[in-house]
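I'd like to ask you about the structure that follows.
A, B, C and D are the chain letters, set down in written order, and residue numbers restart from 1 in every chain.
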Amino acid sequence: MARIGVFVCHCGENISSTVDCAKVAEIASNYPGVVYSIDYKYMCSDPGQNLIKEAIQKHKLTGVVVAACSPRMHEPTFRKATAEAGLNPFLCEMANLREHCSWVHFREDSTTEKAAELVRVLVEKVKHNEELFPIKVPITKTALVIGGGIGGIQAALDIANSGHKVIMVEKNPSIGGKMAQLSETFPTLDCSQCILTPRMVEVAQHPNITLYTYAEIESVDGFIGNFKVTIRQKAKSVDHKACTGCGLCIEKCPIKKIPDEFNAGLGNRAAIYVPFPQAVPNKPVIDRNNCTYFLKGKCGLCKKVCPADAIHYEQEDELIKVDVGAIVAATGFDIKHSDFFPEYGYGKYADVIDGLQFERLASASGPTLGVLKRPSDGKEPESIVFIACAGSRDPAKGIPYCSKICCMYTAKHAMLFKHKNHHGKATVFYMDIRAGGKMYDEFVRRAIEEDDVNYIRGRVSRIYEKNGKLIVCGVDTLLNSRPVEIEADMVVLATAAIANSDSEELAQKLHISYDPYHFFSEAHPKLRPVETNTAGIMLAGACQAPKDIPDTVSQASGTAAKVVALFSQDELTREPLIAYVNNNTCVGCFLCQSVCPYLAIEKEEIRRRDGTLVKTVAKINPGLCQGCGTCVALCRSKSIDIHGYTNRQIYAEVSALFNRREYAGV
Amino acid sequence: MSDLINKTSQFFSSGIIDLFIGYKKGRLGEGKPAFFTKPDQLSELIFDENCIVNLAVYLRKPELKKYSKIGILANFGTLRALLQLAAENQITDGQYLILTVADGKVLEFANLKAIEEYVANNLPKPNPERLALLKEIESKSREERWDFWTRELSSCIRCYACRAACPLCYCEQCLVECNQPQWVGVPPTGLGNLEWHIVRAMHLAGRCISCGECEAACPMEIPLGLLTQKLNMTIISNFGQIPGTKREPDYALSTFKVDDKENFIR
Amino acid sequence: MEYKLIKLEKIQEFINSLIATGKQVLAPKQKKEKVFFSLIHSFEEIAMDYIQTAFSAKSAVFPKCEELYTFEKNGKETILNNPQAPENDTIVFGMRPCDGAAFDYLATFFLKENPDYHFKMRYDNTIFVGLTCSSGDEFCFCSSVGISPSDTRGSDLMLTKTENGYYVEIITEKGKKLVEQFANFFEQIEQIDKTKYVANIQKRFDSSALKEKISGAFDWERWEETSLPCFGCGTCAFSCPTCTCFDIQDEANLLGGTRYRIWDTCALGIFTKHASGHNPREKQSERWRNRILHKFLYTDEQFGILSCVGCGRCIRNCPAELSIIEQVNAITEG
Amino acid sequence: MENMYLPYRMFIEKITEEAPLVRTYRLKFKNPADEEKFSFKAGQFGEYSIFGEGESTFCIASSPTRKGYIECTFRVAGRVTKALANCEEGDEIGFRGPYGNTFPIDDWKGKNLLFIAGGIGLPPLRCVIWNCLDLRENYRDITILYGARSVNDLVYKHELEEWNNRPDVNLFTTVDPGGETPNWKGKVGFVPAILKEVSPSSDNTIAAVCGPPIMIKLTLPVLFELGFKEENIFTTLENRMKCGIGKCGHCAVGPYYVCKDGPVITYKELKELPQEY
């Protein structure tokens, strides 16, 4: 027996300015099955909700249609009210009059008519609604943090300090990430390593954190609260338990001329190496791609000299399976290198460097021990040109976005140069100065005003070499686009921040979406900025978009809070709007299995009481299913359906639309 | 033929099979399906190019459950149907003894992989007459095509012989029998007939092994195989997936590959 | 009984006049490999030489899809309407004597008890013109079920092709009226001996042996084995001139619709399936058995008539080439 | 001649919730002339229509002695019953019938009557029970044994109480083990076991049995043990039906059409039929 109540909301004037809400309520009262119909100014207000609750009880309603705003906005509100009145909350549906009608049309009779039709469609749907109950899923209270940069470190420490286990996976031999490579940090100019390394040590020593360095994610299965992750521990060729980190092996290694990643290629390292002196763990790994033993099968010097017998050439990659309840992706970013820029010489001028290289030159732990020496000849530069927006905000280069950090680090770089060489000439070419942030604009002003950095608004069109100098040609757009030519000893390009080259692959392993630039997508840019669309997978730091350290750290803490909130429950409650299989009609062709983007379809054996197998049918894993409906569309025998959006419901809605009748005058 | 009969009767006598599905001589000399349960019946067993019925259609009969192992004499369409059925989890490797005759020699397939190889090496070219017919229909204007199909399909009596004859129509509940909601109108009238044949062709797109049994079974002489064939050809040309050639699922309409680029999702 | 002759050159004019006066003429017409009873618009469309049509002409009185009534929804009221009766007479022209016998059976089935409104509406409006078989094939077995290839049962007029034209037997009043209406095409003639124009249809099985065995045949152990090639397409029943089973289905929207009856067959699994999922005839062999026993036993018990008329369509149309003749012989052989 | 597929237009006067997904509708004729000519006997059934969804077959559950209305009790199972369940009081539905044969209650005069029902099998017997109770003087002892899976699944709860309170009815109600509630006063156990326990006399007694197939299958041996004769055991058959008048063929069991030769049948007759029901 359908006894439907219709509640038409004015939404203040949002709806009532173009829709005659009273009329919609009146028309709806004539729909078959509708026993109560009313309009009200604010249905979401307390008195509005009470109207619904009272009507449910007084008129013994079996279904509720609230014609108001978007279900995204107030469905929980009205479902809660419905439940409070004793009716299953899933017997309440919303007709979105505001977004689908009043906001997009003028006030006319047909607008009211459309509103009434929207209500009628939902009335037909709600007649087929069924009582549904939330799904409970257990939670494994261990988090996986992918990436050991400052974002990962912060998230891991916050989660671990709340008492939950954390597994951290870092693909490099040491944690620390990009921040470990920086010299000083804006806007305070404090030493990057000084503030970072204590945290790295804390991670290594934390009883709740298990750290896998030189490791990658092999595969991710499962669902929120119950992920099954396989980690590939790449062979380090060194037994870190036995190794004392004495460094003898590194010293004796005959292959020493390998460009050093940590120093952005400005220094060299051995084939067995520790990335940097403060590395965590501070024990070496063998770079098999460059090691003579692995390339030619002989050498073995390191093994000979190792006093701890820790060198194990035969070590193999190991696959480690872990169960986790939440995953934090904190894989950071990369930068475009100077060879991406034809106008700046495709990287052929050694003294045209990128920002990260400048950081290493300026760093006390860098290849020059903090003395600014230009790569070509080791001379200390007298004049440096900094070019902001190298690649960023340039659709022609395929990077239309702003890399966010460059304005600030360019000002910092200019300042660091001026501090080291008071007579030096620092010139910055910029498009706009984006220094939004606490103390940020002041910082840039200081560079210009106190440190006398010459800021030229304009783009650099070309760089060429002449008599050992780099000639930087550009225009000054503030001076009637007058061409400028500046002689420089070194040019620093603030190259664009980009996603890691393997980020797409990782996103696919994690089943999370990503943007056209391969940065990971958040679930909602404003309201769910740290979560992804895949429940239980969160984001921290520059893997989502270019970010500076303060933003990364705050997002990491935010993500940690989400993880901790998830772990504060023993069971997860999920909306039951997921697919289900009719065992009677399923023939087990499992073509649905291949179509499911969430790998939510499993096999279930139907057996008789005596144990003989009747058939194998599809089974939906309620934890994994996101209710997308792809399997429903594919299933030939219509053996799969979705709770809350059953074929019957949708069919009822659509056929209502095709069978209009004037109810106005009835 | 004696080779085939000898081999088959050996399978019986050694207890490997207790039912053999093959062909015997039909009314016009062509092969008609025959079920052999004893070696002495095998004298009637024949196999030639006129044995066209797709025997895979019988494997879903509950009557066959009581046999411990069934042998099947497979023509090319049957072999492809068996592969497709395996890909769709309807039969398992080793479940049946599968024979065919090629160049006068009896071939016994050790497993589905062997069938896969055999099929890959013997895939026939599409029948030029059929292609010409398809081309002729394609060359018609939209209105003419509409007229053509509404006229042809108006004679459909919805006996579903096309479905019964199809080795890949094995659903326990066909969509037309699903009445909540009633997706396809049951009365054999214009719209319902159109819906049924579109649904049938869609459900076989990317799965149809082109055996032609649907059209052969149609008592009303409707060229309904053309619909299936056209859709199937579209799938093959767009995705390169040829149904009934692989024992693992390879279904264009359901395939989600991890290396699929998702740049169309905004 | 009266006898007429219609000359070969007149038959064409006769048919065309029938059409011209607005009668719906259903006659054998070639479609690809087969011959179907179709609505024809001129005599040329008729295939006069054929052994058997693929389907019987039963759809003239029992269409594949027929309105039982229509309904309109008006608020809480429903308005029900009877279907429109056909305006014009239908002439089934050139049907074989086995089909005539089948129409006789259909009339018994539909009209004897609980007379069927829709059937009657069409039956009363239809004139059956039979055509004696001058040849048969190996699937014809009318003689085995007590029907001769020149049987006049169920026909209003019976035509037999002779050297001089079509010899016409006027069987019923309905037939007589038609002849009178188009009297100028017919010539008076004396009764002739049809024998030499009639095909010799061999007996395919022993009907008395069958009668003996069939009543206990439900428990016969070879049903499963003999029906194995049947994959349940139902073509035998759909093309059968005496199969009458139907389904009732609505086609409607929120405003109204039609309740139809449509052909159905006991060959299909869902025919007997209960809402609970229980199916009294779970296997194809059980469904096959039901069909055979219905033809040779059940209607005999019910009406004293076999409902198999030996037209042979089920054998000709069967994609698996199952033969009702072989089946019956298997039963009689035990 | 009448179009026998045209239903009477009826409206739902009253809806009673009997058990989960089981409802009783009291239906009245919209057209008084229809009511005038309509009559039926105990055991007959009808086709109930929801226009646009189809027809569904159930027995008339009310007694012919109660004039002016008919009642049907149904469980929500398929498309039509679902649509039927969506109706409310005052809504119109179609009804055609009555169809089928009847319980020979005239022949039962002067006999003891034993009614055995399980679950949703009571509605077909309720009709004949009330019919006999309304003609109480015609019959001797009337015993009713009714079982359901659980207390909640018992239908006609208020009538069970009424029968229980009548001195001229022996009512035994039972629920399957585990289906009882703390204040359940009836028996606990399956119907055949309770029948054995009650052990009614078969002498001059007619038994009418209706319920799920498994119940009937296990109850029959007990009845034979008690001495009941095959011809004195009645049941009603339920096959898939469409037309109700012996035409569509769905309900045919051999030459027997459940819709016109049944649904009421004695065990003796049932044994003669092919096992296809």
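For this structure, a couple of remarks:
As a convention for this text, a residue touches a chain if its C-beta (ideal position, glycine included) is under 8 Å from a C-beta of that chain, and two chains touch if they have at least 3 such contacts.
A quick note: this is a predicted structure, and the numbers were derived from the prediction, not measured.
Chain nearest the geometric middle of the protein is B, using mean C-alpha positions. When the interfaces A-C and B-D are ranked by C-beta pairs in contact, the top one is A-C.
Computed from the mean C-alpha positions, the centre of chain A lies at a distance of 71 Å from the centre of chain C. A separation of 47 Å divides the Cα centre of chain A from that of chain B. Look at where the CA atoms of chain B average out and do the same for chain C: the two points lie 32 Å apart. Within chain C, residues 76, 247, 249, 253-254 each touch two or more of the remaining chains.
For chain A, residues that reach two or more other chains under the stated contact definition are 584, 655.
Residue positions 180 of chain B are each in touch with at least two other chains. Contact topology of the protein chains: fully connected, every pair of chains touching. For chain B in complex with chain A, the residues that touch the partner chain are 88-90, 170-175, 178, 180-181, 183, 203, 249, 251, 253-256, 258-259, 262-263, 265. Here chain D touches chain A in the complex through residues 15, 85-88, going by the rule given at the top.
Across the interface of their complex, chain C is touched by residues 1-7, 9, 49, 51-55, 77-78, 81, 90-92, 94, 213, 238-240, 242-243, 245-250, 252-255, 260, 274, 276-277 of chain D. The residues of chain C lying in touch with chain A in their complex are 75-76, 253-255, 277. Those residues of chain A whose C-beta lies close enough to touch chain D in the complex are 1-3, 33, 127.
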